[in-house]
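The two complexes that follow have subunit A in common; it is paired with subunit B in the first and with subunit C in the second.
Then we have the complex of A and B:
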């Protein structure tokens, strides 16, 4: 009897052990580090993502389906019709076709500048700060100098200086990137200063990690939300900056962007003629894309500063309480 | 096993006040030997230079003067590039010493692969589980996949200890390893450290401001005051028979359960303003020693 009980107890212990082993070997789903950094899905984020994805798809796929935007027809300035969804320009070119190509051009500029500016700011903001001492002083001096350089006037001067024949997409992108990385570098420097003095960085140095690994594996992941936010911001700034330049006629030559569209609309007296279909669509796309990126940026801000998330949760809770109170009053 | 000989350690920090730069001596002429299987406790208040000594030994800071020599059993000096493999550190704050981005496995696997203790990812993974098992984190498979924020302070500190021991270190510097932990789990972590020390014959430098755990845990105590050693000796002697006024002051600062309800009278306590850190009582010789101030280099 006792023997039997003992054996059942042992069996039970064995089975729990096996269960534990099974759980162990089944490997619990690995909680990915990146997943932790993703923003919570709020209505704002959804709206922002829909805008960005929609406009990006339009820019990427649109040009494949529309007619040639440069074809000149002798129909002149016409309003939207079934043949030309967004009407035609003064020279009879299809506005919708132009819009698709222009969106693609603006997105290209935004992406190139966003990547370049983020790389510059990471280089100057993180690397020098981690090394410290003289390197930090030098890198921070350089970014401070670039910070006080007035962006748009410099861009205008440089763009005006480069002959139009050599003024390609990349020239404009590099010029915009050079004038827009400094602010981000300063923010990164402050963050890196804080992270580099944390114990886990010291611990990885004690463990014998090499400097580049400490930066890339221990420090950089903790800066990802900041970098993402800065990338998004750089893209907005680049698209707006390029539109401004092109509107002034200083943009990339023989490329089509939303800014050049506005430039031609302005030159073609679209506004006095009341040809809204010519200048409203490109303006709207710039505004909506900027809005989408900003909405995404707000969500990224919540990861950088979790307090903001709490504010939202508190507000939600407060609203729920208020609703319940109101419902209670109605009952009575 | 590894031992460390510290001789005449001096560390100056330069303090900038406006445009005037001035030197501040954080550690002054400190010497001791860390031997396998033995624990030395560094005791002192905040700012007495304990953590600076820890950071210098862990090579996070460089000393202004003095020598630190790590030697093996046969008397051979540990070469510089192997130093980190032999000397490891456990940090004070377990909430700051683990990277929130990485899993527990990463923290223990990195020292293993840096020092090529294990070859191949499968061997490393199984050694990680072994280490987690040694520090009583059960089940290790589950803990390995977790991230620091899912662990309690005590569990994190166990991970930090596992990380320190992973490369097979012979010397462990424990910088107030339990001061940030809940009182109820301090003893558990200290006992774990003690067990691992016996198993691996480790040399431990235990840094604390708590005289009680210093006595419980260490063989020898060095009392630091303003960067200098003011009293040294076997732990029981230093605690039960303190000679230097500063040691008495430290002992009085700890609440005594037998005098419950009584305020420590300020008259009985030695006067802080007359504390002298130029003399040191050595319990080994039973004599007062002059701690000569070294001429700044």
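Then we have the complex of A and C:
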């Protein structure tokens, strides 16, 4: 559902080499390994973190404070007022209360699918590549095939065959995860390929380490930024995918997410009636949360791809030099 | 192995996988679609006898009289002959006919808006990445908002502004219903007017992804030695931008087309629903709500075929524009 693309394979494979060079040659000023793994605090990163933390708090704590979202009142469709901050639906239900519960539902599904999809992609991307040979070829073929088969149509067809009674939260989550892991697996494969051929990996294999230990201790730590970035993508894609599915009325039954809210808004004629307070907030929360996650991903990208980071450092240094020059002129 | 042969082989495997998924899904899922279907068919005046049941079973699975592998071969045979069964919703039209009517709408809508979005996105991305650190470049992170907006919500907002509030553009349908479809100026003008908002939705929602990808590749490309060489030769910066930097930076965008197209197609299905656009997405949804399994599977197959076909073309094209891919294999 989203058009956010993972940076391409070649780019990341290149950047791993670059990263190794950068770590190797960067003597002064020395940065600890942990520091290298953490993103630099930029204004955009701060905006992203504020959006994520704000919306997550709203979803987690919000439902504790709002009124019952299902209470039907005889006031009908009303605009925002002091009593109902975001107005009411056509059956007099409080939109703000619904929004809090729906945000919680969407975050839940995003988290579940994000974890599942990351596990799938790690399984196909890292394990297959490490074993190499036939397993690698097969795993790579499977992920490439899943990559070109369009996801949402497949999900719609699957949901169409599952009777609504059996369409629970976990069914939808598993279906979304199955259709969304492939892109990440491809990126992980490229990275693993480049790390697998490093000397220290070869050394630990020669030393007789078990395969799981080599993967977990030697390879996985180097893949953490990539895995983090893929996880963030998976969460965005899952929230968007679930919203689309629920908007079409094919989502998990008896769950309330931002998508179901929009479904009811559309079917309650919110558009012709001009009830913007009903359909604008749910989509805005999805968009802002997705934006927050992408901004964090931007910063993770700078760790993976130092070329992008250097641009910012250069710019900063150039600005500092310019300032010093200007200050020097003023002195004279 | 030859690059082109390998690509063709891969897409053959992908096609087979899609066909097989289509065969497996109904058999894995709970519930018996055939009973629901036969009841529906009877309601609409279709004759139901043992052979109808058998035909449906062949198509949807559950033909218990034969082993799965025989069912599978019969299914593949049916698909290859172009026999996708009969639609229940549009009875007695065969599925291929229903799809044939709606497919052009979607192909035009998605095709035109994808081309526009790609050109604008890649163009803007090239300029943003060319001069990193300018005001244009510092605005780039804001485009992540565009990339994270749900297609259908953007569609709702556009309908609210342009149709409900300002009454400039129509909000429902693909053309003015008083006109008969045909290749005349009046009808084409009407379909452009009706298609404008859906297209705008797809363009705006998919622009951000292209822009970001291109911008990042542009920044990476600028640190290559051949750019430095070109600058040292004293070439004009416009020439370096176009023929040296952008040409190389655009390659991953072309290669990433596969993933993007899948997303655009997915987004357009939901967008069509908002606008009641007469395309394949709306048909898919009406098939799902009416338990029209034959139509549902047929549409999934066609969408997959279209995406695979587009990707195959892009991959073959990629082999032409980037000789390294041919040399590597």
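One rule holds in what follows: the second predicted complex is superposed on the first by the 282 of 332 C-alpha atoms of A that agree within 3 Å, B and C clash if a C-alpha of one lies under 4 Å from a C-alpha of the other, contacts with A are read in each partner's own complex, and residues count from 1 in each chain.
In this text, a contact is a pair of C-beta atoms (placed from the backbone, for glycine too) under 8 Å apart; a residue touches a chain by one contact, two chains touch by 3 or more.
A quick note: this is a predicted structure, and the numbers were derived from the prediction, not measured.
Novice: Could you say whether A:250 touches subunit B, subunit C, both of them, or neither, answering first, second, both or neither?
Specialist: second
Novice: State whether A:194 touches subunit B only (first), subunit C only (second), both chains, or neither.
Specialist: neither
Novice: Looking at subunit A, which partner touches more of its residues: subunit C or subunit B?
Specialist: C
Novice: Now for A:207: first (subunit B), second (subunit C), both, or neither, which partner does it touch?
Specialist: The answer is first: A:207 touches subunit B but not subunit C.
Novice: Looking at A:267 after the superposition, I want to know if it touches subunit B, subunit C, both of them or none. Which is it: first, second, both, neither?
Specialist: So A:267 meets neither subunit B nor subunit C here.
Novice: Per the contact definition in the header, classify A:81: touching subunit B only (first), subunit C only (second), both, or neither.
Specialist: In the superposition, A:81 contacts neither subunit B nor subunit C.
Novice: May I ask you to decide whether A:145 touches subunit B, subunit C, both, or neither, giving the answer as first, second, both or neither?
Specialist: second
Novice: After superposition on the shared chain, which partner residues are touched by A:222: those of subunit B (first), subunit C (second), both, or neither?
Specialist: In the superposition, A:222 contacts subunit B only.
Novice: Using the superposition described at the top, list the residues of subunit A that contact subunit B and also contact subunit C.
Specialist: On subunit A, the subunit B and subunit C contacts do not overlap at all.
Novice: Sort out for me which residues of subunit A touch subunit B in the complex.
Specialist: Touching subunit B from subunit A are residues 20, 23-25, 27-28, 30-31, 33, 36, 198-200, 202-209, 217-218, 221-222.
Novice: Provide the residue numbers of subunit A that touch subunit C in the complex, in ascending order.
Specialist: Touching subunit C from subunit A are residues 1-8, 10-11, 14-15, 44, 141, 144-145, 147-154, 156-163, 166, 183, 236, 240-241, 243-244, 247-250, 262, 266, 271-272, 274, 276, 279-280, 282-283, 286-291, 293-295, 298, 301, 305, 307-308, 310-312, 314-315, 318.
Novice: Contact residues on subunit C for subunit A in the complex?
Specialist: Touch list, subunit C to subunit A: 10-11, 13-14, 17-18, 21-22, 25-26, 29-31, 33, 132-133, 141, 144-145, 147-154, 156-157, 159-160, 164-165, 171, 205-210, 212-213, 216-217, 219-220, 223, 252, 255-256, 258-267, 269-270, 273-274, 284-285, 287-289, 291, 293, 296-297, 299-300, 303-304, 307-308, 311.
Novice: Which residues of subunit B touch subunit A once you look at their complex with the stated criterion?
Specialist: 55, 58-60, 84-85, 88-89, 91-93, 96-103, 110-111, 114-115, 139, 141-142, 145-147, 160, 163, 167
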